[in-house]
Amino acid sequence: MVADTPARTPGTRSRRSRRGRLPGRQDWSTWPHYQAADAGFRGYWYPVAFSSRITGRPTAVTLLGERVMLMRDGGAVHALKDRCPHRGVPLSYGAQQFPGTVSCVYHGWTFDLRSGDLVAAITDGPASPICGKVTQPTFETAERLGMVWIFVGDGEDAPPIDEQLPEELVSNPAVVGVRIQRRVGNWRFAVENGYDEGHAKYLHRTSLWRLFKAMPVYNDTRIVRRGRWIYRVQDEQYWEADFPGLGRWSGQAWYKLKPPKKNAGHRNIGNTGGSQKVNATIEAQDFPGFASVSMPGVLRITYPHFIHYEFYVPVDADHHLYVGVMAEFRRGLRTLPFYAKYLGAVRWLFHGQFSGQDKWMVEVTDAPPERLYRPDESLLQWRRLAEDVTKARAARLRDEGLDLGDVEA
Amino acid sequence: MVADTPARTPGTRSRRSRRGRLPGRQDWSTWPHYQAADAGFRGYWYPVAFSSRITGRPTAVTLLGERVMLMRDGGAVHALKDRCPHRGVPLSYGAQQFPGTVSCVYHGWTFDLRSGDLVAAITDGPASPICGKVTQPTFETAERLGMVWIFVGDGEDAPPIDEQLPEELVSNPAVVGVRIQRRVGNWRFAVENGYDEGHAKYLHRTSLWRLFKAMPVYNDTRIVRRGRWIYRVQDEQYWEADFPGLGRWSGQAWYKLKPPKKNAGHRNIGNTGGSQKVNATIEAQDFPGFASVSMPGVLRITYPHFIHYEFYVPVDADHHLYVGVMAEFRRGLRTLPFYAKYLGAVRWLFHGQFSGQDKWMVEVTDAPPERLYRPDESLLQWRRLAEDVTKARAARLRDEGLDLGDVEA
Amino acid sequence: MVADTPARTPGTRSRRSRRGRLPGRQDWSTWPHYQAADAGFRGYWYPVAFSSRITGRPTAVTLLGERVMLMRDGGAVHALKDRCPHRGVPLSYGAQQFPGTVSCVYHGWTFDLRSGDLVAAITDGPASPICGKVTQPTFETAERLGMVWIFVGDGEDAPPIDEQLPEELVSNPAVVGVRIQRRVGNWRFAVENGYDEGHAKYLHRTSLWRLFKAMPVYNDTRIVRRGRWIYRVQDEQYWEADFPGLGRWSGQAWYKLKPPKKNAGHRNIGNTGGSQKVNATIEAQDFPGFASVSMPGVLRITYPHFIHYEFYVPVDADHHLYVGVMAEFRRGLRTLPFYAKYLGAVRWLFHGQFSGQDKWMVEVTDAPPERLYRPDESLLQWRRLAEDVTKARAARLRDEGLDLGDVEA
């Protein structure tokens, strides 16, 4: 740069530097189990891949910091720890040499896919003395919503996956659109961002998904716990506000739809215009609030004609899978308009650009330390839920005499 | 490779391996404050960006290991810690929603740019109870030489920036050419390289900037402290030398100008041919030596017709900003030839290739351990200056009752 | 993904998850010297570069975690520690200013290439008081097989390199084809993979090098120690096997050559068809087994018409040099067919794709923990050899009163 500068730039007023006042939470020790769960909570089913991607050729996924080999055999999906105990080479580099088994690429150690038993070490011949002495850890698997799910526990029996899936998805036929994306950032930031009451109205106000819809400036919110879900109930929504000394702020515009009238028969569903249709289709299920969350990190947003779910799957402390599911509870020919809607709009606007704003925030969130504010009641209730449920599970496992591993820090 | 090798290569004499003899300094504990200042010294003004780059859209810089958000409002530049205290998201991703403020992109927390006070949390409405309870740390700023400067201290009042700038730049009109470049390597290696008496004659002998100028082989050098500067005075310069058992070494060549005659009225300015013209223009200031340095890492080289400055700005322990400033003390029409000289030569040869050799060395220097030699007296004096000044500041701040933070290790 | 899924996927049977049974070795404390030798064993000659690459312009290599500068002067190769003691800048960035020396690029510190003595500090003139007070560590060098070798020790006299080279390479003229490749992975995994009895028959069965040759399914193997080598003797080879409950496995195929008849005069050479021709050429040397290994990680595979060597050179804990050498013991015109064979086939099929499978495995091996099986007797014997030899050397050096440095952990 070249500049003709006077000896002193006029008009630059110095101000006293200030160290600021930043009270707030320095750690998460209020919720010790939650604080310890960097790499996720054990004891749950997690979706990890599209069913169509799991074939007779081994595939690897990472879940809760652990590499898992997935392979389809006889129609069913099998999951083994992805580390050959011989020399540590990933089993997922191997291939199937005999039915019902997988063989390590290096020396042909061959494991039964169901039991994990070492049934042959090819390069040591049929009488190899090592057979019967080694068993590879296995994982229970299931297939739901077009995806493979894995149960990661501490040695306990896996509960039926249907006890963990959102209830309405178990008992009603549905058509779904699914997006799976590996993302940077801790899974807890993803859950907290998903359930966060505050950010949607500000961060997402610029998204195309919300372009023609008025957005409230702020809400009166209550958190209601029912069963294993906690619901965010918006009692009141404010579409405009005057900030004293600053100016006016509005979520409306001439090109946006008018906001819904207050309490027009859908007050519990927030700004979405009523849940009746969803309810009618899925057997009069009652959703007391627009957004709800349950363990181990499942978000449910009830729109008038469909429900949107987000499953945040811990990959490791720094990565998670975003699994977005849009479900309409229809069957037969009535599912046809769904495809047009999902592929023509929802996938790009909602699972794409809108959710991409969340992806960005989850990447850059850096807490604790943190200084929460009133709308963060939703975060606090979620953390409390996670802490309570995990404490109860730990007690149950101890009663069963199981080694808790890293559950109790 | 394919080769027809005899069973034994003749003529390869083995020699006894030796472990060497490498006495020297293993650490910098002689200068404890200097040793602790990996990420820079607090209590100084630092240039961080061209003024023209700081606009109404927030920008982030890193200084002494800390991210700082910069933004222009009402003509003045404001600097805040670049981390929203709510959830740790950079404020520099935000934007201005109300005059005199910046709002975080995530939830619309809105800070006053002057005071750092949280004046609104948009998504919690005008009555949000958090307002008035949070103040973001701020930094004092100034604009000089076409750049924005930030004061980084420990809570003390910032001294006027003019007390820290080289004196002649405060009281005289000047035309300047400036280069700012982010570089790899600790800022102390950059200062030490800049003020180092020894390397210029050897490392830079191949630079185009020196192509037609004779370079001394070695010098007799004294270090003189005056005010806040220490000066390198070359009492004698040697243009040729015979190294016994090795051969002759010369800094002259047929295509180079003859070296200046000894003591021809400019002995204190080294090999530059006299400082009179500089002095005449800038009010008879006295520069007892060619090169001088002051805290917190400012190098000044007085050439006959201009002065070259280098400010080494600590970014973090492994990076620094190189800020090169060429200044001529002229005004009005007499500045025109400066532009031709700077843009036509100095920028490419001096701020470019010549300084690029220094950049390379600063990247690969790896000390301590180190084994200093006679010309390193300049380094030792610089470290002593840094240590003395920092010790005095620490005592002063303690007297004022200020928390020293990381000043005292 | 979009899918019409029923509420429940039928046919997905849940199975009980199992934690597995993975007994095995958790560390290598059985061989403490071997366990400590992450970055290689000291006290050996290592090949580091092609002779043709080492010229009068300095070059850097890394060996056992240490940077070494190599430079040719007067025909011989010289090696110095690649860190100028002054300020830590690599000497290999420097150049030769006076015969028999190298000068650091930064300040012209000039070292004698033979002794490592600092003979001049150019920028401090001929009378610089530092000369004679600093000696840079040096390494002994040799040239063999078209490569430069460096001795890395602990201050002891280097043994003649010919005492370490495979004996037949010292006393017989040979024509060689050499490949040097820097690879990822610890050097011990490379040695263990090279000498490993088990993997060749399974991992390499798909290599082009083995395409037309039958491969045994498994062998009966003994390890025989003779001199500084241990040999793998295959007493019996099995070309087919029935794995109960799984099926049949064969290393034969219609397009492969028939396997050799048992004990047809070449039983000690394994599946290679006799060592007589090799022996005849190289003075009736006796190789009791097909594969042999010696310290510090030299593999020798005796084929009927040539011998293949692999030298695994520790670069640092995570990298090694693969140096593959194919040698035929011929001279004069009889070497001509060798070039056709090496350049036309061996280089691409054996030193290339076949060895590339090993490269892959060495990269992904992750042990301990490990669970060894019967064919790993070869690994166990190699580790025992390394441990015994290193223990003996440590005792010898202690007797000589030498500081062992990191030999004894």
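As written, the chains take the letters A, B and C, and residue 1 is the first residue of each chain.
The criterion applied here is as follows: a residue touches a chain if its C-beta (ideal position, glycine included) is under 8 Å from a C-beta of that chain, and two chains touch if they have at least 3 such contacts.
Molecules present, by chain and UniProt name: A, B, C = Aromatic ring-hydroxylating dioxygenase subunit alpha.
Small disclaimer: the values here were computed from a predicted structure and weren't measured.
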{"item": "Chain contact graph, described as a line, ring, star, complete graph or other shape", "value": "complete"}
{"item": "Same or different contact residues where chain C meets its copy chain A, judged by the half mark", "value": "different"}
{"item": "Mean-CA-position distance for chain C and chain A (Å)", "value": "47"}
{"item": "Set of chain C residues in contact with two or more other chains", "value": "none"}
{"item": "Of chain C, residues touching chain B in the complex", "value": "50, 52, 75-77, 81, 83, 85-90, 93, 97-99, 101, 105-110, 114-116, 119-126, 128-130, 133-146, 151, 153, 155, 157-158, 160-162, 169-180, 335, 339, 342-343"}
{"item": "Interface residues, chain B side, partner chain C - complex", "value": "1-9, 11-24, 198-199, 201-203, 217-218, 238, 241-247, 249, 361, 364-367, 369-375"}
